[in-house]
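Presented below are the structures under discussion, each in the form of structure tokens.
What follows is chain A paired twice: with chain B in the first complex and chain C in the second.
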Partner chain A sequence: MRTVIESQRNILDYALSGLMRRRGKTFSLILLYALVVFVLASIMFFTHAMRRESELLLSGAPELVVQRMIAGRHDPIPLEYGRGIATIRGVSRVQPRLWGYYYDSDIRANYTVQTTTDDSITRGTLAIGAGLARMRSLKKGDELSIWGYDGQPRTFQVATIFTVESDLLTTDLVLTHEADFRELFHFPMERATDLSVTVRNPREIPTVAARIAELYPDTRPITRQDILRTYAAVFDWRGGILIVMVSMALLAFVIFAWDRASGLSANEQREIGILKSIGWKTEEVLILKLWEGAIISLTAFLLGLIGGYIHVFLLSAPLFARVIKGWATLYPSFRLTPFIDYYQVAVLFVLSVFPYLLATVVPSWQAAIVDPDNAMRGSE
Partner chain B sequence: MARPSTLYLSLLLLLGLLLLTLHAHSRCNLANDTRRLAQVARLATRFSLTDLALCTEARYSRHLSQADRHAAFQDHPGALEHFPSGSLLPPPDR
Partner chain C sequence: MQSGIIALLVTSLGTAGLLLYAARIAIQTLRSWDLGSGSEQQLLLERKTALVSTIVALILGFQVVTLALFIYTVDALHILFAGSMCAAGTLNVNPLGYPSLAIKLLCTILAGIWMIINRADYLAHDFPLIKVKFTLLLVLAPLSLLEAGSLTSYFLLLKPDVITSCCGSLFEGGRTTLAGLLAGLPPVPSAIGYYLVTAVTLLNGIITWRTGRGGLLLAVTSLAAFISGIAALVAFFCLYYYEIPTHHCPFCLLQPEYGRIGYLLYALLISGVVTGCGGGVIHLNRKRPSLSVIVPKLQKRLALWTVLSFSLYLLLVTIKLLTTSFRLD
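== the complex of A and B ==
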């Protein structure tokens, strides 16, 4: 056993000395290889963590939201629809939701303005997201002016600022009292933006949704499952789009690595010939090449994976933030929870390490089985 | 002078240990973060929030789950998408 380990270490020593002789090529290859693994690992970590995080955060979303549609577009829903929906068997509560958007031209940001029946918000006060407070340099007790429908500003006092931990849900949120919202936007009294419906037995939600659509054909019920599915699809799609964007660079690397690994140079062919002529067996030459491939691919994989983890979970994926942010000025400052799918890591390992090993070993095997004299002369 | 294999295996060991530390970091944070997320999820229930505030540039990217089915093109029929995040949204599946 000791002899086997010692002989393997000798081959490893030789492989490392060979790689160090062409250190420029070796290090540039490892760097490029690690960069590709880093990008793929970052996409994988980011999309998976975002999907899990959205699942957990939106598990508290309303069970059923009912919108009214006019000519295919969302329109305020009459409150009498809510009274009708409340009579459906299985419905325990119907809560009108009042919400909309406000564009703040000073900081060029969109706010989401929503009402709450919560006691903490009284008339003339607001609760705002941490992102908004940051952008407007607002503290608890400060005043915020919002322009109303009539072009006149209304001043509100900031009663609450949401914590940074909730930024992913509340960064642009402005919570107001219902009366203030209706007055500010001249919102009709007998209407709401949509209705939030609570169903006694969660298994009956699809049945209740179907019944609502039957009773009010001009409505669109959106279940919590629909909301969760939307986000799962978004992060799959975003991950896919990012992979498409990097696929050109990936393809270029694959061609480079394949060319580098599969095409043996005249020097390498001569080296194999010399090794064979001094008594190395074919399998020992193959093990040598396998070690060379493993050193490069394993080092690059580990560096790329570690880099991807640090980028996504410790630095909050600054490279992807711009993609998601678009032209928005208000962007949540969030730290992603390190949800890791180990199956994906295993797939990344197999896809990044094994093809390179294969590309290294096959041409070496072809060179190792020819006559040493021919190999040294560089001809078959 | 140490053998090259000793140096390389030490490097591998170091990277492996770093990976294990990151794994421990993820395990340690998971319990705390899951608790924190559950607390934030309660905010969603309390204030009836339906969407993540990830893309605040357009109404259909701010409230993805509440947007019209032809959300990205809702300004007028045949309107071209002009918000960067809109081009990254999937086509509606329902």
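== the complex of A and C ==
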């Protein structure tokens, strides 16, 4: 056993010194390779971090939301539906929610306007997100005008500004009093945007949802699980499209590596010839070539991985964040929580190192079987 | 369209391609192999055997990694399917899930055994096992192609809106499916059966390790220990891991709630069966003159690995059995 390790160590030593001798060639190959890994790693880290972020976010969302549909479109739901739903067995609470969007033409951004039952927001006051406060340079106690449905502005006093920690959630959020909301948007009384339903036993959520759909066929119950699944699918899909595109680059690189490995320089040929003439076996030369491949691909893999990490978690993925995140204007400036999943690393490894090894095994063998006699004579 | 799926498909297609290439060499070799001849072609064929063994070694490595990756990926995908709670449900979404897993497992085990034969062949100097290993390669290559095909169609046919069954209903006793059959085995007798089989295997393994005898029997018993190990895990031991008397799922063991212990348990079983069966295959060829010294030595080492793998598995499940507060009444 020891001799096996010892001989492998010697071959590895030799492989390293060989690569260092051909420094320029080695480094250009590693650089190109690392670039491909870097792009792949960035996409995967980013998609995954966004997915996790949305999962964390949604963990606070209601378990079950009931919307009313008219002709396939979302419409305000009558409050009496809520009273009916509250009588279903297993439902512990039904809360009507009032929310909507408001377009601010001054800063060209959409706010999410929502009502709250919190006592700190009285009539005529608002709570706003940090992003909004920054854009309109508002402080606590300042006044903010919002245009109503009738084209008349209404002035509100800013009572609270949300903390930066909850930025992703609250950056474009405006919380108002219910009466203000109805007045501002001329929202019909006895109606709500949707209903948030709390179910005592989470296992009963699908049953309750089915029962609601049965009682009120014009409603659409949406469970948190549904939303989570949709988000997961959307992020995976966007990330997947990008990966397929980058895979083309990977393919090009693999072909390049194949080409590189099969076209040996005269020097390398002579080197292998000498090795064989001093008694190296074909297997050993093959192992040498594979070690070289392993060194190159592992170095490139690690470099690309570290690069991707820095790009995504320290620089917030400037290169393609927009594609994966969406296109909202008032996006908060946030740093993704650094989160490395071993699974992602394993996938990246399989995706980047395996094709390289697959592509170089046959050329390595071709290099290893050259006749010492021919190889040395050919170079003269 | 998930990165894990893309990685799996790329690798399985690449693997199948390379193995087909190796199979072509195998056919050439089987046809015109003549050690006595010194012709150019024979020389080339001898050199090509080095290529083939490197390819299979590489692919064995890939298989081990992608087997774990495959299971992990389907496990992670379960949230996309209503009604599924772990890999069992995802694999059940369409009829190709379980066959894909089975073929992949078989490929891994065969590649492992192939490497053992190859080792014996490499140590001897006159390629005594060349026919055996290349015939096995001709089995492995189409199997790998089949794996690539079934894996690709499985993932392409995954429709997220399918309502699948949860492991709770798949692995429920009294069903006619294999899963139901396994779960339906009476827990205590299957555990006793497992302990008996493993005891025989370990005893057999130790004898083979010390004396070099009983190699063929060890192949049979280690296969039996592998099967009974899985059966007892589903029927009996997993109840202790989950501490629920009715949950028989072999995949939930892979989830973080249970410390991902399943990966270790399955790896031990696979390593046990590969070394046990590999030892048996080379045992069949021990009479060849060039192998008479090599095979017994290699066999003893393999037997030691078999014993170590199965006894560690035994130790792990038994410790769980004894330390958990859960009791099966």
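Note that the second predicted complex is superposed on the first by the 315 of 380 C-alpha atoms of A that agree within 3 Å, B and C clash if a C-alpha of one lies under 4 Å from a C-alpha of the other, contacts with A are read in each partner's own complex, and residues count from 1 in each chain.
Going forward, contacts are C-beta pairs under 8 Å (C-beta built on N, C-alpha and C of every residue); 3 or more make two chains touch, one makes a residue touch a chain.
Just so it is clear, the structure is predicted and the values come from calculations on it, not from any experiment.
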item	value
Which superposed partner A:Ser7 touches (first chain B, second chain C, both, neither)	neither
Touching partner for A:Leu175 - first (chain B), second (chain C), both, neither	first
First, second, both or neither for A:Ser265, with chain B first and chain C second	neither
First, second, both or neither for A:Ala368, with chain B first and chain C second	second
Contacts of A:Ile340 with chain B and chain C, given as first, second, both or neither	first
Superposed model, chain A: greater residue contact from chain B or chain C	B
Chain B versus chain C as contact partner of A:Ser145, first or second or both or neither	neither
First (chain B), second (chain C), both or neither touched by A:Ala233	both
Footprint overlap on chain A, where chain B in one structure and chain C in the other make contact	233, 236-237, 241
Touching residues on chain B, where the partner in the complex is chain A	3-5, 7-8, 11-12, 15-16, 18-19, 22, 25-26, 29-30, 33-34, 36-59, 61-70, 74, 83-86, 88-90, 93-94
Chain B-touching residues of chain A, taken from the complex the two chains share	9, 12-13, 16-17, 20, 53-54, 56-62, 65, 67, 69, 72-74, 95, 97, 101, 109-110, 112, 114, 116, 118, 129, 131, 162, 165-173, 175, 194, 196, 222, 226-227, 230-231, 233-234, 236-238, 241, 295, 298-299, 302-303, 305-306, 309-310, 313, 323-332, 337-340
Residues on chain A engaged by chain C in the complex (per definition of touch)	43-44, 47, 225, 228-229, 232-233, 236-237, 239-241, 243-244, 247, 282-283, 286, 290, 343-344, 346-351, 354-355, 357-358, 361-362, 364-365, 368-369
Chain C to chain A touching residues, read off their complex	1-8, 10-11, 14-15, 17-18, 21, 47, 50-51, 54-55, 58, 62, 65-66, 68-69, 72, 76, 79-80, 82, 122, 160
